[in-house]
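Have a look at the structure that comes next, please.
The chains carry the letters A, B, C, D and E, assigned in the order they are written, with residues numbered from 1 in each.
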Amino acid sequence: MSGPVADEPILSVRNLYGRIAGQQVVEDVSFDVPATGVTALLGRNGVGKTSTIKSILGLIDRTGEVRLAGERIDRAPTHRIVQRGVAYVPEDREVFGSLTVAENLRLAERDRSPRRELVASLFPDLEARREQRAGTLSGGQQQMVSLARALVNENRLLLVDEPTKGLAPRIVDEVADALAEAARTAPILLVEQNLLVVRRLAERVVVLSSGRVVFTGPAEELLDDHDRVQRFLGVHDEREAA
Amino acid sequence: MDTLVLLLITGLGLGALYFLVASGLSLIYGLMGVLNFAHGAFLTIAAFLGWEAGRRISDGTWTGLAISALVGILVGATVAVLTEVLIIRRLYERHIEQALVTVGISLAAVALFEGIWGTDPIYTDRPAWLTQTTEILGARIPNDRFLLIACAALVLGGIVLFLRRTRYGLIIRAGVENRHMVTALGIDVRRSFTLVFAIGGAAAGLGGVLASVYYGYVSAHLGSVLLIFAFIVTVIGGLGSLTGAAIASVLVAVLQQFANFYLGGTGDLVVVVLLAAVLLIRPRGLMGKAA
Amino acid sequence: MTAKSLRLVIGGILLVVALAILPLLAIDVPGVLPGPTYTPGTLQLLAFALLIAALALTYRMMFGLAGLLSFGHALFFAAGAYGLAMTLEAFGPAEWPSALVFTVAIAVTLVLGFVLAATVGALALRVTGISFAMVTLAFAQAGSVLIRRNPGSATGGDEGLALDTAHVPPELVGVVDTRNLYWVALGILVLVYLIVLSVEKSRAGHVAEAIRENELRVRVIGLRPYNVKLLVFIAASVLASVAGMGYLLLQSGAAPRIATADFTLTLLVIVVLGGVGARWGAIVGGIVYTLLDQRLTALAGSDAIAALPDILRVPLSEPLFILGTLFVLVVLFLPGGIAGLPARIATGRKQHPAEPEETVDA
Amino acid sequence: AGGGDADGAETAPVAIGMITSETGPLAAYGEAYVAGFEAGLDYATDGTGEVDGRELEITWEDDQGNPDTAVAKAKDLIGQGTKVLAGTVASGIALSLAEQAEQNEILYISGPAAADAITGVNDYTFRSGRQTYQDVATAGTFIGDPAGKKVVVFAQDTAFGQGNLAGVEAVLGGQGAEVQGVLVAEDATEFTPFAQQLIDAQPDLVFVAWAGASSGAMWTALQQQGVFDAAPVVTGLGDVATYQAYGDASADISFLNHYFGGAAGTDIEEEMITRLEEAGATPDLFSVDGFVAAQMIVQAVREGGDDVDAMIEALEGWTFESVKGEVTVRAEDHALIQPMYQVNLVEGADGWAPELIETIDAETVAPPVAG
Amino acid sequence: MTDHAALELEHVTLRIGGAHILKDVSLSVPEGEMLGVIGPNGAGKTTLFNIVSGILRPTEGAVRLAGADVTTQPVHRRAAAGLGRTFQTSSLFPALDVLENVRLAAQVREGRAASVFRTPRRTDAATRRALAALEEVGMAQRADAGASGLSHGEKRKVEIAMLIAMEPRVILLDEPMAGVGSADVPALTEVIRGLHRGGRTVLMVEHHMDVVLGLADRVAVMHHGELLAADSPEAVMANPTVQSAYLGSAA
């Protein structure tokens, strides 16, 4: 895997518009994801975080310019984008309920030598349930399958949508660890409501408000500024949001 | 005794025919989540063109039959792919609409075939051996039944291997459930779906040619006659389960034979009763997975 | 509620009145109707179209409202037609006046239709989705087989059953009275429409809609989906047999074709052609389909077609080919069916339903 | 002649409504009927298309093999004042049209539809073709004296098959034969076990009444299981398209036949064939039905004018020369009393073709009076 | 109605295939209590709710609502008898609008909810009750919106409005805060508190510990299908197993 030029962003989004069922849900969004570390995409419920990620991947109707390591991907079909090394952990887990855990993982393997051991060590719970149908897993277990599907390949970029939603506090820790670990080899664009996790992982944040970018900058700059946190995210105290 | 053997083996032969038609249907049904009403049309067009080719090149010989089968398979696959690319693809994840367009296709296709080839059946020739019989335990079994059974076994084995050995089986099952997520894993679902359609169409094509051997004719309604039984065995067998379809084919055909013979020709009645009974007791069918 | 719905009601009444006086007028629509509207041939065709529309309406109530995809609706239509024919033939004490026999026969058929619907529904609704479709298909096939087998010479087998006109009011017999039959058909359509409307607007209708969306959720708020589905199923089926009785009178007989799965599929085609989204879609679909079917046959036999080169002549002389193709095109390019047209025109042509991947590759 | 009430009616055209399958499953039969009718009309009117100076205004309608369509077309025609309807190949449709004829008091001449029930169904309905009884009676001529013989009827469990079984029971059973039926579900596709059943019955004669596409498979099964070695097999010879359907069994089957091109050898047959060939058609099973229908319509109009009762009177008991020789419209029940044929298939350069063995006298196969 | 606990589970055990999913769970929830249910992912919390609401039948054991044994009763009976629940992932009727969603629930309370002879009107009691419920969760202004277009948080609120309209005596909330933006958490917490304040018995599965601790009278801990403890929040938080198995360093 040839790493991108150090200061070139791995992902650059310019004037992105996205529509669902004829309704504009992403409006003129522009931001960069640097080639290393975690960039968090924040915003209140319904501002269009998920839609932005789906637009990048071509899962919904979109126009605008999206570059992956300098190459235009805004006209490519989803599977091509993913084949170029972009992994996606969707918001609602979206595991294949009628397939077993093992089958879910096998389907996700893109690389010639998938990192099965890594996944097994990250989520021992799944190892024990390889033959269980994913539809019968608990919510949290499904979330693990969803993450595992992304981490089993080597990626150039991870798009992760609310990975800690519905996870027990201890697992939240573990997932955060796993993401921190993953971020050492591939940059991550992370959507997350849990500001503690954001603070721990993210170097940079991009904040959306009603479909537009209202803030981009280093994570501390935002998180330490109670005023802005309050304004953009509607949170008084980040502890409260944990 | 010999009647029993005769009923059993001819039942098996009929079951093989049902399965040949149902295999493609079951595959596509498993993939689309809906019944493909155009499957009968795939079969009929393959039978017609297979017959046209076979009779042009050599009539009533094994070469002729082989050519018919080959042409039938190609035609079935091509027509299925065209249907998928031009029509079904535009309606992905709208299962009901998909089933509906296939209804439209089958209506239009049967009418078109009638326009081209007429309403009368066209009788076909076949290799002499196939018109003869072989005696088993006192029963004279028509040889073409053996051909049917062999082909059905080959198709079953072939498709099962294909689904086991490749990732396509997984892709299809996952794709039915959540197509977007499959693409988001970097898989070209469309190509997989088209491929599976081609295989289903090819199976239908082979089934069409063999059906014309079995019936001794081709006609515009060849496919529609078989389609209803193919539906029944597909559903009894269970959504998308090929082995289920195979078991159900044999079950239905043998039962039908016995009922037709011993219960005053009530074969078709017994089959629909079986259908209702199986579904009411086991809504998923014999081998179907929980939805 | 109010101005708009008042306008709708008045519009509806005017429409029915306009349809009702049609036999008294001499409107000629060349290419659509075989002759002026007062001629028996045209009235027969229109009456048939109205009955099919009524039947389609009942089918839409199941499929469009409650999401019940049945492959066996024809069974109930056939039950109405055959039931009435058989009761009229089988019974009728000599001392009873004809009118009474006729009325009682209708009542008996209704009861039979109800019992059949309740039985089939109670069983079939134990399963859902494609299994439900196949169980209804199984019942309808069984019915269809029985009708063709002609048990005890009761159904006339594949030759069909002629209407025994001994007890049928003379006003409903013979070509000169086609007009009366037309009014009967119109009456049936209006009746079916009103009942369907009241079911759909009722609480039960709303619940049925919710069940279509998420059955478990309905149970969790304390309702038993089974009951509501059964209710819709029975209502639609009994109304279908009412349409079947109209059919029997209109055709002076019943043919086994009306009990086949193909006939149910035709209904499905009609409902989708008209648009699942609206009641009037089913009506328009029924009428358009019947007229098209009839007119395309006329076209197929016309000299204009015969003069065409083979490649055009062969397909164009097959009415079903044209209908099938048309239907495919409607599903592909007009997802709302005919009923969806006004909305599409209003919102502009550019409104394609989003199929993201398609646009990506384009 | 003529019951016309006004003088104008004497020269006004007479509307004739012809309803038959031009499309649908029975389109091929319909085609033969239509061609035969055109030839018959040409013959009966000497090419003028007129009767006593009145033009016969013929309207053709396609019933698509569907009774609903047929009834709609009939009502349309009747509504426009048509007093004469004719045609259709399907018995179910013919019965519906007969019903319309009675309800509306017009003349109906049914086409090739074979059901015995059409004969004598009402005063207004006539027939221009043969009926099942005549087929069966012809089959009976193959075994000489039926008394004490065992006849097995192998048929589909349809109105047609059931009608044939009933016919055999009436004709041959009445003459002392033991009749057994083997009825097969219409949509059965496997006939091998039934062939076995036929042999097990040890019959003196097997009568096969079969229609539709499955006949090829059925014959193959009979042959494979050796039914032909066990007993003589008789069946009806259908239209030209079926001549090749019997395959290797062809030579072993004895055929009864209503008509094939060249069967009659009459002058009128020659007239018909010439006209058919001029029109690009070939003589076939149901050409005669069309031809006879035209003759009957011309007779009805010539003698009856516009008055339906007079037409009926003109036809009842009418004996005339037609393609198959002398035929009679029996007054009591409107059956058409006509000769039938015994036929073999012989293989020639163009495949199998029929060859006449014997003509069976019309009276020999006349059905009993219906009703 | 008063002597009995609102909800009782007796030796509830569930096996599916070879898996032992719930192991001998016994629990009694007194009338009016707010019980938090916590535990690692896959501990069996949702399963427990499914058993209480009747979606699953226990292999062994009994479920009692206000003293009445409902172990074999179907889902809708229990719901009609006053048991309401939400799902871990939002489930509304997407084709209906917000008001219709809630009104369906309100009709059940009134009886004859699925009658063919009654037509819903803008002014009838069920509609008024539905609007009041929407008001309570702050969604009244969205009454006419289609349910499919709501944001995540809005869906959660509508679900709770449906519960309010049903007027259940016992409520099961499965992760009501999952996916709710930090900004909306306080408001939703208040809505839940309101549910409880009406004297209703509430069981709530939730991974947001501060929400649980802020609301619950008592906290039940599940682990590997077993009920480890049901105690005061403080006691539970102090429990070492809970610390290691559930909370991790976040404690």
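Methods note: a residue touches a chain if its C-beta (ideal position, glycine included) is under 8 Å from a C-beta of that chain, and two chains touch if they have at least 3 such contacts.
According to UniProt, the chain labels map to these proteins: A, E = ABC transporter ATP-binding protein; B, C = Branched-chain amino acid ABC transporter permease.
Computed from a predicted model, the values in this text were never measured in an experiment.
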item: Label of the chain whose CA centroid is most distant from the centroid of chain A; value: D
item: Between B-D and A-E, the pair joined by more C-beta contacts; value: A-E
item: Interchain centroid distance [CA atoms averaged], chain B/chain C, Å; value: 31
item: Gap in Å, rounded to a whole number, between the CA centres of chain B and chain A; value: 44
item: Chain A and chain C: spacing of chain centres that average the CA atoms, whole Å; value: 51
item: Residues of chain D touching at least two other chains; value: 23, 157
item: Touching two or more other chains - residue numbers and ranges from chain C; value: 317-319, 357
item: Numbers and ranges of chain E residues touching at least 2 other chains; value: none
item: Parts of chain A lying in touch with chain E, wherever the complex brings them together; value: 23, 43-46, 91-92, 125, 132, 136-141, 143-144, 162, 165-174, 193-196, 233-235, 238-242
item: Complex contacts: residues of chain D adjacent to chain B; value: 23-28, 157, 183-185, 187-190, 192-194, 196-197, 213-214, 216-217, 220-221, 224-226, 241, 244-245, 247-248
item: Residue ranges of chain D in contact with chain C within the complex; value: 22-23, 60, 62, 64, 66-69, 71-73, 75-80, 91-92, 95-96, 99-100, 103-104, 115, 117, 157-160, 162, 186
item: Complex contacts: residues of chain C adjacent to chain D; value: 34-35, 39-45, 48, 148-150, 156-160, 162-163, 165, 173-176, 178, 251-253, 255, 257, 294, 297, 300-301, 317-319
item: Parts of chain E lying in touch with chain A, wherever the complex brings them together; value: 16, 19, 38-47, 88-89, 149, 151-154, 175, 178-186, 207-210, 244-251
